[in-house]
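Below you will find the structure I want to go over with you.
Note that the chains are named A, B, C, D and E in the order they appear, and that numbering of residues resets to 1 at the start of each chain.
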């Protein structure tokens, strides 16, 4: 479904990604793990065309997309939940959700998705008219995921969804990620530091170090891998 | 090494300067007359008419063979009414070798330029600088009355003729406007009258209703205005539309058709003190010339500009040379026919014969009422 | 195909501009005489102009793009071996045309004669040119001092200051009023003006210590206007809008100078003060004070965490900047012999700001070039009389679009180390990553 | 100095405030989204007024009824001003989006100077009378503290505010604008075309500026190329006062400024009108460093 | 004890980011503060270094050879002068200054030269300047980035930027160094080198080190004691082994199954 071939991305003069290739197949949950600053987030930003790659090509359903504008990427169904949630603080919860559905015109389906989202996170329904900035961290993360779901994504890119959340919430979020994947068949590409949990819900994983992919395997195998355990699981 | 960098640039600039200077050299002999005033920026409307005036006179004189057999060449420089620019402008005119300057237009700019003319033996005839302090310069002449003559004239009219004593004085905080207002205040004080309001307004503000309300609340019978016509027209217009029907009087800054054009019906009844009217054949002639050449009615200080230029040409002819001292004594002794009739200059450089009259807008024209 | 597409684009652009400018360019109305003038030829002119202009614009943009990507490519592959800014300065490129490098300039063989020639030109300048040239050069030099002063606040401290003309005014009025009321001479007024201005700078800085960015800018703008309005309104002291006139020119041991001599003398005073300013500002910049200012401007929080007293640094910056404005003000009063509040409007503050940014923030040669150009350009543009401000505005836009870093961007000083220090080996192997030079 | 005087000053303040508000809106909207002080905003206002003047003169030849002339001229002027705003952004600001912010500011200053002189050279430097086409409101005739044009300005401003608020709050474009102002990167991720949104912001800002220009010129009855500068600075002050970037802040700031000037001039002295305005600004910023409604920029460490 | 925080709390408009935290650091230790993202670790650092004045509680220092004083509510620059230096989670260098200048700014708070000195450049100032340049260079050597001396900080590779932050911090001559996620973004090899550097700073430079870190391997290798924060509260404290086996910690941070 998504294929990166030899992507190189720069921030100004600094090369953040040094030629990576990876693949995400339809219906999968794939996770990308690695240390802070390894280039994981940049990879997602490159896919979303916020920081377009300087070299290499990105294919979505075999179509090259690296020259497209960010809004065209969203239109194709690739939606990102960025690190740090990026809730619009001055917009209400409802308005934040509306922003997610910005490019859609199918009113009915939007309504259905809204119901679905409220079903996933009932608390958001209670907070509908509250400003996004006043939500707690966990609620913000729920809202961020919901907002992305409102775009009815084919491929959901998630950057550190567990960041700063209480363990119980983290569990819940990961369960919901899995649920979204199985229920609506959304493909998910996940970037996570909490490698342990991420690998548990993922089908496959990639390990990234300073701009390069150093390892790839099924999630189960990665969990057992000694190097991975030492470096990222803190064992 | 950054210094070297800087040096290179400085070098380049100095060279450019030198070339610009060199390019100005070497031309046929003419009588050079400078014309200085604001020709760009927000005050340009007061400066540009003087250029037209000088050009029209120069064309006429040149067509008739020039003065002393020489053609007049105008050197026109913009001072934007900013004193420091005026000082540069003056230096430019000096180095261009002018014998006299028509200008400057604003009193402030004139104040900055005059010392340079004094030190360079050049005289200046201003069509519009009314600040009395300019009399300190021995080479300064003007074809317009000074503020200290105008203020008392206004007060005399208001108190004696109109019989009003509740007077609000407003000014534009500018050197011309504030100066006028101060002289009016002084003239009132001599009569033991205290104005009900003395205040400055902000030029270019979008609405003057606050100060107009104040004028109304103080129960003023007349507003004495020190300033130019754009602000005056806004004031009278807003006074009228607010329903405040009291008298309004300005000075030569509003004397002219401009305020009537701008304020329309609201200008009806507005008083202005100003140089006795520019009527008669010479005024008509130049008005016609202006319309023919520029396709528009002449602007503010045009007639004063014509007078200044005519006086200067006359002085050169009488003196028979462009010698500084000869020109000055010629100006002081001779009278010359101008749009304002026959005028001369006193020892202070003030024009004699350009008395003040008071005018009122009646049926959309200024008519003399005194 | 490409060419056709470009042509079509430019044609559309030309059409857009013709339509856009149609009412104002083609129709001239005069509501006084109720006349309307149709100037169709201007529409054609506009069309041709914008068509040609669009190609020029595209060409310049493309060139700039190319340069940018070359730089980043270089920066990543060669791992930025020289510490200085990656962008090549204008001077560098000019020199390159001549087959020179910066090092050529550094060589004594070249530098000393160049300096000597420049020195000679600067010294003979007032004698070989007209007083007009000297006069505008004095104006330009005064603005050089002003811009260097603002550079302390803006270039080093990175604080946007829109009221700088107020300090200039304080300097000018200090001299003007002292001279008017007490007959104080130029040389005594010079330090007094600087001091008065510096005190005002501190008074302004105290309440605004908490403000940053645009809020700081607007408060400085307000401060500037308040000062100007006080000068206008306190007419009992300042003589209000009519200003202070007949201020003495700088005295030279009581000698009576003619106008030309006085101007020449003032020129040399200005020149000396410019050199003095450059000297001091340069020293400040490369001192502990300068480092603290730059650090504060770059990252306020990090600077504080490193022990920099940013409150004091801000006060210092404002006071130091104001000192130069005060000096420039005294010079200005002495040069024009007449001052009134009109010389210190918002626009004047903005103009000084333009000098610093256009020249290159924090770069002393840049700021000097910026000041010289912005003062001399309009003077030399007098040829275009009416069009000069139009051109001036356009130049500002074009300069910024194509050289956003200014004409001569700042290059950080490279400290030279003694050779033995350079040879010491690293105690810890470097883990810097691939960016390191092999 | 009775109650009536107070009410009169209140109306004066509201009139000024309305005018500042129309201009400040554009400043604040543009600032919110591109963090740029659009120095040339006042020039758009001036061009709006000038275009109206030109169109009125042209249409008068066609002998249309005065109201039709006014409406058509105003509409044309608004559309053209929007065009100027749009072009302004494309030429002077868009190439500088990634450049230091000060460079964009200087570019804006250059543009302001350019446009002023463009109009001066293409038209005239004289003050021209501007047709007073604002209709007279009958019921105000008996009351002499307030003029019809003041009333119309205040009403129009209110209507513009309401429309703008609805637009910003409920339309797709409006939401995109708000989102882009709050978090440009995230807005992009939800599919907002930020460049287009910025253009729209310039268009809307220019429209409100042009409306302001037309109203004020019809109110004061005259116009020249320089009217934008001072009004622009004042509106900028108002926008900062209210908390730049905040739309309700701009309106509030404008009224605070307008009322301060009006009461200052009425009760103390109009000599110090601007001084009061600036002192209020400084005081408010000292106690609320981000303006009245501005949110303190939380610095992440 | 050289640093002691007692009942330290920090509120942000109703949200309690740090909740009655007690921490003590002793001379010569390497102490780690761990916890999930958003647990309040960085806020705690910010309180200690004066970026935020704490809402409640006290912070005392007792520099080696000095006496105990409170630094609660002091400005960051005063705290830096008293010998606490820090690095930042998101690198906060002075991007346009050179590497050497960055370090020199760190040393500035130990210098005396004033404006007059800067202008006159008298002998004392000159010597001081030369000394600073020399010292800064020495520090760069110690940290291992001296080959970048005259480069602009923003042009450095990521790892070198992290190191430069440490260099700048130790230039202030602290007795206690607070490192906020020093290993973030480094690969395992770079992290190992960082280990060595931190140990050397402690052993050779005699600094006490207090660090926030996510890289458990580094934390476990280096630190003698570990504090664990979650939800603004201190939930555990002890030796690496103790913390590792603390069920609360495992639940909050490492994930439930790691201990298994």
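We take it that contacts are C-beta pairs under 8 Å (C-beta built on N, C-alpha and C of every residue); 3 or more make two chains touch, one makes a residue touch a chain.
Quick caveat: nothing in here was measured; it's all calculated off a predicted structure.
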Quick one: which chains contact subunit D and subunit E both?
A, C
Could you let me know which interface, A-E or C-D, is made of more C-beta pairs in contact?
C-D
Average the C-alpha coordinates of each chain, average all protein C-alpha coordinates together, and give the chain whose average is closest to the overall one.
C
Taking the mean of the CA coordinates per chain, how far is subunit A from subunit D in Å?
42
Inter-chain centre distance, subunit B versus subunit E - centres from mean C-alpha coordinates, in Å:
70
Rounded to a whole Å, what is the gap between the Cα centroids of subunit B and subunit C?
35
By the touch rule stated above, which residues of subunit B touch at least two different other chains?
40-41, 173, 200, 258, 261
Would you mind listing the residues of subunit A that make contact with two or more other chains?
12-14, 210
Which residues of subunit C are in contact with two or more other chains?
30-32, 75, 80, 86, 233, 301, 386, 389, 433-435
Can you list the subunit D residues touching subunit B in their complex?
1, 5, 8-9, 11-13, 15-16, 19-20, 117, 120, 125-129, 132, 144-150, 216, 219-222, 224, 226-227, 229-231, 261-263, 265-266, 269-271, 273-274
Within the complex, which stretch of subunit C touches subunit D?
16-17, 19-21, 23-25, 27-32, 34, 36, 42, 61, 154, 160, 207-208, 210-212, 214-215, 217-219, 221-223, 225-226, 229-230, 233, 301, 346, 350, 353-354, 357-358, 361, 386-387, 389-390, 392-401, 404-406
Would you mind writing out the residues of subunit D in touch with subunit A in their complex?
172, 175-176, 178-179, 182-183, 185-193
Going by the contact rule at the top, pick out the subunit C residues touching subunit B in the complex.
30-33, 35, 89, 91, 102, 105-106, 111, 114-115, 117-118, 121-122, 125, 128-137, 139, 232-233, 235, 240-243, 245-246, 258-260, 262-263, 278, 332, 335-340, 342-343, 363-365, 368-369, 372-373, 376, 379-380, 382, 385-386, 388-389, 408, 411
Subunit D contact footprint on subunit B (complex, rising order)
40-42, 44-45, 48, 173, 199-207, 209-211, 213-214, 216-217, 229-230, 233-234, 237-238, 241-244, 258, 261-264, 266, 299
